[in-house]
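What follows is a pair of complexes built around chain A, which joins chain B in one and chain C in the other.
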Partner chain A sequence: MTTRRQVLRSAVLGGGATVLAATALGSLGPEAAFGAAAPAVTPGAPDPNFAEGRIRSIKDNTLFVLGSNMVFHRIRVVDGTSLWKLGPVAFDQAKPGDGLYARGVRMPDGVLAAESVWLNIVNIKGHVRTITSEKIHLDHNGQEILCHQVPGKSVAVYSDAPPSADLSLLRVGQHVQVLGAWRPDTNQVDIATVFSPH
Partner chain B sequence: MARNQPTDPPIDLYAAVQGEVSWFCCGSAWGPCSSTGHGACGTCNSGSMQHAWPNTSDACLSITRPDACGVSLSRRTCGFAHRTTALCSGASVVTTIADCGPQTDLFCGERSCCGATCASNRLIDLTPAAFSQIASLSAGLRPAEISVP
Partner chain C sequence: MNGIAALQPYVIGPLLVWAAVLKLTGRRMRAQAGRTALARLVGAARAVPALRLTGLLELAVAAALLLPPVSPADGVAAAVLSAGFLAYLTYARLAAPASSCGCLGAHARPVNVRGFARAGLLLAMSVAAIWARPHPIDAPLAVLGLAEAAALVALSPELDRAWLVPLRRLLVRLRRPLTVPTPGEVPLEVSLRLLYRSPAYCSASARITSDVRDAWEEDGLRFVVYTAGARTAVFALPLAGDDPSEVRVALTDEPAMA
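Presenting the complex of A and B:
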């Protein structure tokens, strides 16, 4: 099976190599960077191949990200990088202020060559307080989150049933998990998937 | 008088179990996660290879109540290591307990599948760093096997 890592490696060796090899890889070639499987990370320890934080600025194909723990990250997006923002998106959808999680390969110069970048993704659980055809008010640990249904994007998964665009089976008072995209600096989320136990 | 000696450890203590795995944020964070702390163990961080387990203490178990879903999980405390294997891909990750959760009883009977492979009930939550090693964060929920490495 071809892994994302292999796809990324191919991208680096191909058209993306000119982007990545000249900068992120420093003195190493792409073969050295992606040839081996990622080393196992000590359980409980921070993963050096993972980053979280908010985008401070964007220059060329690099995201400059300040981690919530105040660690600064440079995240390089290459041809094989997958980006998510309520669904698969192009690089130009990444904006300063967006929160993110990123997984990739940490280069010797500290740059994270990204395999995947999830922009503004949240995965929160809570009780449904109120629900309309367009919005769900969610009580998440006492914090109200306003979840917006996005036509053509939002689906509900009722236990093991296939995803459905019909969210009308959700009920006030029930517990759900909302996977979605946070609207930066608000208590609002655009819904990708609502997981309901029944 | 002969007495039956308890098995040490109990014979089922380290048996693998199948259930649902999701992800949660903890530690310093942005957005709705920004009010989240470092979890029941005081060490939880989204970027670390950690997880939440429903039976870390009596207080924890009284909240998560996996028994309400017919699931019996043994007591495992902060720092205990589990291997979580995604049944969809076969990818696995080893993480340590850093929080209490998920609230299994609130999702009793829920089942997630990939093809014909399914698992029921929420038994473990991984940090984003850990979950993203075995599945895309956008998947949200996956069937998994949880074992002791």
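Presenting the complex of A and C:
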């Protein structure tokens, strides 16, 4: 691990730049993205390069996922795949029962070669009912959701200020939006970011 | 027992007057009438007249309870009204579980166990009021009356804003339940927001195909790794400071796994 990180570290510190210039690979600017062919997805049809659902089982580097529309997905996780579970995590953090969203490239055999996988990610709006020890009790349409503060990871964004690790400005009764990681089969969430309108 | 019965009209009466005044004069209440379960029961167009009619009924029962002469019919009327409230709540719970009840002013919360407890308490008090005879209200009875009123307030979600929210705010201020951040510790999310605003990220974003793959801290710098097609994009950000132009980026071929 260290070796790999050291190589990457020396790459960015040695040969890094504050802006990437156009290279032999072609332009790296946004025009390259805008110029790219639009994804061939028919409006209303499911995006073949996207999958969602809950992990039923894991075998080697493949996740077997049952979608909420009962469609079965096989999702392959490779070295270049990013996994999110309240932050970047290793593949062994993916557990059966976890919900996920995955984006990647659909292979001819139907397997989704994942570029990014987000485990248990949720985005909830609600009112702060109360705040107890490291927990924000959220009232989401009359249902309580317990949002846990994770020291060192949870941040708050007040209005459009830069994010802050200090959640203490949140007030009982106010409206918030919580981006976090669901704890499967509970009404509990670990907070990644809590957005406050003020 | 006689005293308890005699006390009930003085607790139920003001509650009904208050509910009636809110229904008859509350502008917000009228505006939100369409969102109550009443609208489901009688139709959205008739929600406001139905609300007014309920208010008038409440006012009439309150007047009968509070004004002499004292008669068992007053208690019976109150009990019938309370039973009606309970039936209405049951209907709301079954037919329109997402609607509010519109009982005591406007709010958006659906009918829950508190609403039922309040209507049940009201029914019990109304039934007790049937046996009301003229009786002096002494100090223990006054305490009981206040306790009943407090229970009604505690069971009213409409009134939470008046006492429960300020109480919880005070508790939060006193107890400080959330962990104070450790100085010098910068959550990854803070760095990522700086990264997204940086020219380095903007110039590379069209190549990036994954979310964050790896991130670590070293010598006051935070390194963040993304997949960029067949290559790897690695960023170096200052841990302290908020100048996005200090972010550095390199696109490199994937190093051989150690």
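Keep this in mind: the second predicted complex is superposed on the first by the 156 of 198 C-alpha atoms of A that agree within 3 Å, B and C clash if a C-alpha of one lies under 4 Å from a C-alpha of the other, contacts with A are read in each partner's own complex, and residues count from 1 in each chain.
Convention: a residue touches a chain if its C-beta (ideal position, glycine included) is under 8 Å from a C-beta of that chain, and two chains touch if they have at least 3 such contacts.
Remember, it's a predicted structure, so these values are computed and weren't measured experimentally.
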Item to check | Of chain C and chain B, partner touching more chain A residues | outcome: C
Item to check | First, second, both or neither for A:P108, with chain B first and chain C second | outcome: neither
Checklist entry - In the superposed arrangement, which partner chain does A:P96 touch: chain B (first), chain C (second), both, or neither? => result neither
Next on the checklist: Taking the superposition on A as described, I'd like to know which of chain B and chain C A:V155 touches: first, second, both or neither.
Outcome noted: second
Next on the checklist: Output check: A:G44 vs chain B and chain C. Expected answer is one of first, second, both, neither. What do you get?
Outcome noted: first
Checklist entry - Looking at the overlay, what does A:A192 touch: chain B (first), chain C (second), both, or neither? => result both
Next on the checklist: Under the stated touch criterion, which partner chain does A:W84 make contact with: chain B (first), chain C (second), both, or neither?
Outcome noted: both
Checklist entry - Which holds for A:V172: it touches chain B only (first), chain C only (second), both, or neither? => result second
Checklist entry - After lining up the shared chain so the two structures overlap, which partner does A:N141 touch, if you call chain B first and chain C second: first, second, both or neither? => result both
Checklist entry - Touching A:W118, do we find chain B (first), chain C (second), both, or neither? => result both
Checklist entry - Which chain A residues come up in both lists, the one for chain B and the one for chain C? => result 84, 116, 118, 141, 157, 192-193
Checklist outcome for this item: The residues of chain B that touch chain A in their complex are 22-25, 27-35, 43, 45-50, 79, 81, 94-96, 98, 102-103, 106-113, 118, 128-130, 132-133, 136-138, 140-141, 149
Item to check | Partner chain B, residues of chain A touching it in the complex | outcome: 40-47, 50-54, 67-70, 84, 99, 101, 103, 116, 118, 120-125, 140-141, 143, 145, 157, 159-160, 175, 177, 179, 182, 184, 187, 189, 192-193, 195-198
Checklist entry - If you look only at chain C, which of its residues touch chain A in the complex? => result 98, 109-110, 112, 161, 165, 168-169, 171-172, 176-182, 185-190, 193-194, 198-200, 202-207, 209-216, 218, 223, 225-227, 232, 234-236, 242, 245-252, 254-255, 257-258
Checklist entry - Considering the complex alone, what residue numbers of chain A touch chain C? => result 1-5, 7-9, 11-21, 23, 28-30, 32-33, 79-82, 84, 87-88, 115-116, 118, 129-136, 139, 141-142, 149, 151-155, 157, 162-168, 170-173, 192-193
